[in-house]
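After this come two complexes, each holding chain A, first together with chain B and then together with chain C.
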Partner chain A sequence: MEGGRSRPPPRCPPGVEERPYRSASGAPLALRRRQHSASCRELALRRPRLQLRSLSAVTSAVWLAAYGIFVLSENSMVLSAAIFITLIGLIIYLHFVKIDQESLLVIGSLGIQVTSSYASGKESTTFIEMSRVKDVVINEAIHMQKVIYYLCILLKDPQDPQGVSEVVPLFQSSQPRLDCLMEVYKSCQEILDQRKEAPQSSEMK
Partner chain B sequence: MVLKVFFPSCCSSAESGILIGRWISEQNSAVVLAVVHFPFIPVQVKQYLSELQRVTKVNVSVLGSWNNSKQEKEESLSEFLEDLGTIFSHEPWIQISKEGDSKFWSCSTLQKRSNNHREEEIILVYYDQRKVMLSCLHPPLDTGASTAHEAEDASRLSAIFDTVAKSKILFMTDKYDDGPIKLTHWQSDGVEASIIVELMKQASVPACMLLTFLLSLISGACKSRMLKFWPLSFLWSKLSTCEQLSHRLQHLQVISSNKKAQNQTQLMRKANIFVSLLIDVALGILLMSWLYRKNRIGHLADTLIPVADHVAEELQDLLQWLMGAPAGLKMNRALDQVLGRFFLYHIHLWISYIHLMSPFIEMILWYVGLSACLGLTVALCILSDIVALLTFHIYCFYVYGARLYCLKIYGLSSLWRLFRGKKWNVLRQRVDSCSYDLDQLFIGTLLFTILLFLLPTTALYYLVFTLLRLLVVIVQGLIHLLVDLVDSLPLYSIILRLCRSYRLAAGVKFRVLEQQDGKPLRLLMQINPLSYGSVVQTYRLPTYSCYPKDSWTSLCKKLFLGELIYPWKHKGEKQD
Partner chain C sequence: MVENSPAPLPERAIYGFALFLGSWFGFILYLIWAYVPETWLFSLGLTYWPQKYWAVALPAYLLVSVGIGYILLFGINMMSTAPLNSTHTVTDNYAKKQQQKKFQEEAIPALRDIPISEVNRMFFLPEKGICNSR
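Up next, the complex of A and B:
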């Protein structure tokens, strides 16, 4: 945790609850829950942002190494190459690797939308229609010496009504712990339950 | 169940009227296509809709009413609109009303048949009509699917995209038309068209006919009996330039055909082939202008002979090294000398042949370089063929070395079996025991010893020439890889994905807009474009060459046994 400078948590607008949790590796996460309407909920998991400390540490390490090579080889191309590599590496890292927020938008009777927002502002979205969703469950996996819990969406198999054709894991880069996952699971199930009630009530008409 | 209304964002500022569109009852959703304004005669509206249904095969009907009051809520208008529900009977009758410039609309439904007036939740989804109409959802539905299954299996999204795309004819009437019906949709301000596109469409018909005529002439000439004689047909099949030219001819035939493209895939394929040909020819002409400037072709021809000489000299040095004591290994003197002298004589013949050709090289190269205007791929294929021709002697040496080695290995394995008293049964394809006579055993053992002690020499020659041959094969392979890349890259699709990303849709994404309590949920539906990797994978053009199907283990086995390897087999060639 940061010692001296601790940033105040960002204000959330009214109607939004935010709670701190931890990821599987111990990093702090923030879960933001927002209810747009009776059948629409948004759950967003925010990860810690890129720290200036680590960025300057990596940059100075690379530049010191390049300077060392320059002193040994007397070739100034090494220095410009190092600057170029640092810039390109930073752009690639921010645009393709560093995920700032992972969110789940559940709209009853339309579908579930999974969004990952990267540090450079890029958002990659997948929308799964409700007719393809069988259920949302928490699965456990054994990874090396740890047992990890992860939330996943089970998709229906068109041929076999009881079978599962695909498993879509959620929150893969944040990897929240079980308490956070249970909150998300309860929120999702409340909305998924509504679709099970609806056909029954329409039969009763 | 929740009612979903898909409303086009272009109709947000339309005048009051009635909504027409399609009602999808299985999904409880309504797709609004346009707004019909007052005054209208209900009978004419019904006629228009049935006509539309007949033409587009989309079940278009009146869905509800739209009340856009600029001032305060007009009670009389809202009652009038409710009464309209009795004229156009539709279950449920959707009423949307907007006050002034407010973003939050109120939406309600009238259900006449149901007894309990349950308040069902309404979701309002805005969509961009033009983009949804032009876009194509991937993966595309099979056109062969029967209509019975289509209604069940069709996902919600493809149903919506389908509805909007098929109603193209509805969007052709704009507000300047003097019809009985006044509509508002995305094109109601006037249909836009480009003069250049129209001119090109008109010019393309005679151009296609001319091209088809020329192509029929060329393919007729190619199929003539003269070119089918054995030496010529063998030569054509070995040269990769001819393969590439026939491949491009096929492409030209596809483009110049008169039939319109049936569906999206065919259209994209035609467009990709056209752009690929264009870029190919442009790059080829660029290369040609670079080559012919400052007489680079002349310089190239001048350096070709010295390079061939240099290669031959290096080979001679290599053979002298092998005839001595290469890498400290002791060779059999007599066999070494025989093989070495044989290959040296071969090189001598090759050099004399090259020197005989040298006065004509520059002229041949000059004319061959002109064919680069047919495309960069043709130029690269010519380069690959020149490399193959110049290293023909290496290929010959490889074949001699491989055959000799193969013979030796088979002889050794057969005599080894004789040594142990066994024999290969050709009928049963297995090893059987056999009793040999004494003189058979004696001669067999003698031959075995001779072959065994001569093995290192042959093996070394085989190894050296196989490595050289593999080097040449790798160079040719890289050139062919580049040719395949230019051939199969779907450039038009990639540029479309870059500039008009909504046309290639992988799916949709929803954004939640500002909400207000008591009003329906507002969502914005946007198109989620396909990723570049999937674009390339879906629209790749097929190529004619197939990469080696041998796995690494079978390749190593063939090399060990001395069997000849043919790395590049074209489709349609018989396997030896």
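Up next, the complex of A and C:
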């Protein structure tokens, strides 16, 4: 799972199971499933962290190219610009682009929480309450030049009880393959089925 | 013509031949305008022609537009593909307004658009079986 290094995989706490999968582009992913209670489940998709060898490859390529331009043009601003661009680019990449973990927390009576954790430590969270959620489904759609499977939350339409007002796609940056999506789908459906079995308590609102 | 069929008809043959002659005439005229020196044309009294620059510019413009047209068409296709978070990937106007026919015993069920939740349950939760649709 942590490709390229010979470290042993991190130990899961008891009660947590972790399985390896692949993303649509072939990158390794790890799905961690944790059952907090009968109606509360957390599913987290972890991606490998930023590798030292790719970081040093990109940095060396940029700095050597800048040095080559400096030798040809005798302009020392090129070197400082290269250092500046590398630093700013790395910070922006870690803070806005590189997602380390995407997790889904389904609480049967309360709602669904979606969290993305970036490499710089930033976490962005979205919470959708259960009364707005119609279903969690695996949808197929055309994306760029491919047809991909992706998991999405369907939100209810207040005017039309059978209609869908909004579609919220999940795991956008990890893009897991169908086998991983089926596991997540089955886990979510087990919790969503429970709210159908007890409609009286939820219709009281 | 009562029906719209692509079969050959006498009127269509005449139109085709007129277009054929017209396009040959246009082509010969274009060649004369492009190649014959201006002084010869002036001596014949034909003075009101466009500049000869356009004899080269117009074909160049045309070829470049054809090339850009390929890229433009590709781009328009990609832009009009529904994004992943739109409801058009799940349903559309026809599906929302469809009528639900009553289920009759021993009859083939009417054709309808199946909601995506049901489809998912059939594909990915096989142990539930084909449960009653709501």
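Simple rule for what comes next: the second predicted complex is superposed on the first by the 188 of 205 C-alpha atoms of A that agree within 3 Å, B and C clash if a C-alpha of one lies under 4 Å from a C-alpha of the other, contacts with A are read in each partner's own complex, and residues count from 1 in each chain.
Going forward, a residue touches a chain if its C-beta (ideal position, glycine included) is under 8 Å from a C-beta of that chain, and two chains touch if they have at least 3 such contacts.
The structure presented is a predicted model; accordingly, all values stated were derived computationally and were not measured.
When the shared chain is aligned, no partner comes close enough to touch A:Ser60: not chain B, not chain C. Once the two complexes are overlaid on the shared chain, A:Gln51 sits clear of chain B and of chain C alike. Contacts of A:Gln189 after superposition on the shared chain: chain C is touched, whereas chain B is not. Using the contact criterion defined above for the overlaid structures, shared-chain residue A:Val167 touches chain C, although it does not reach chain B.
By the touch criterion defined above, A:Met144 reaches chain C but does not reach chain B.
By the touch criterion defined above, A:Glu42 reaches chain B but does not reach chain C. Using the contact criterion defined above for the overlaid structures, shared-chain residue A:Ser73 touches neither chain B nor chain C, since it reaches no partner. Within chain A, not a single residue is touched by chain B in the first complex and by chain C in the second.
The touching residues of chain C, when paired with chain A in their complex, are 78, 81-82, 84-87, 89-91, 96, 115-117, 120-121, 123-125. The touching residues of chain A, when paired with chain B in their complex, are 36-40, 42, 105, 107-110, 113, 115, 125-127, 129, 131-132, 158, 198-199, 202, 205. Taken together, the chain B residues at the contact with chain A in this complex read 1-2, 4, 28, 114-116, 121, 123, 125, 153, 155-157, 507-510, 512, 515, 521, 523, 528. Within the complex formed with chain C, the chain A residues making contact are 134-135, 137-144, 150, 152, 154, 160, 162-169, 172, 182, 185-186, 189.
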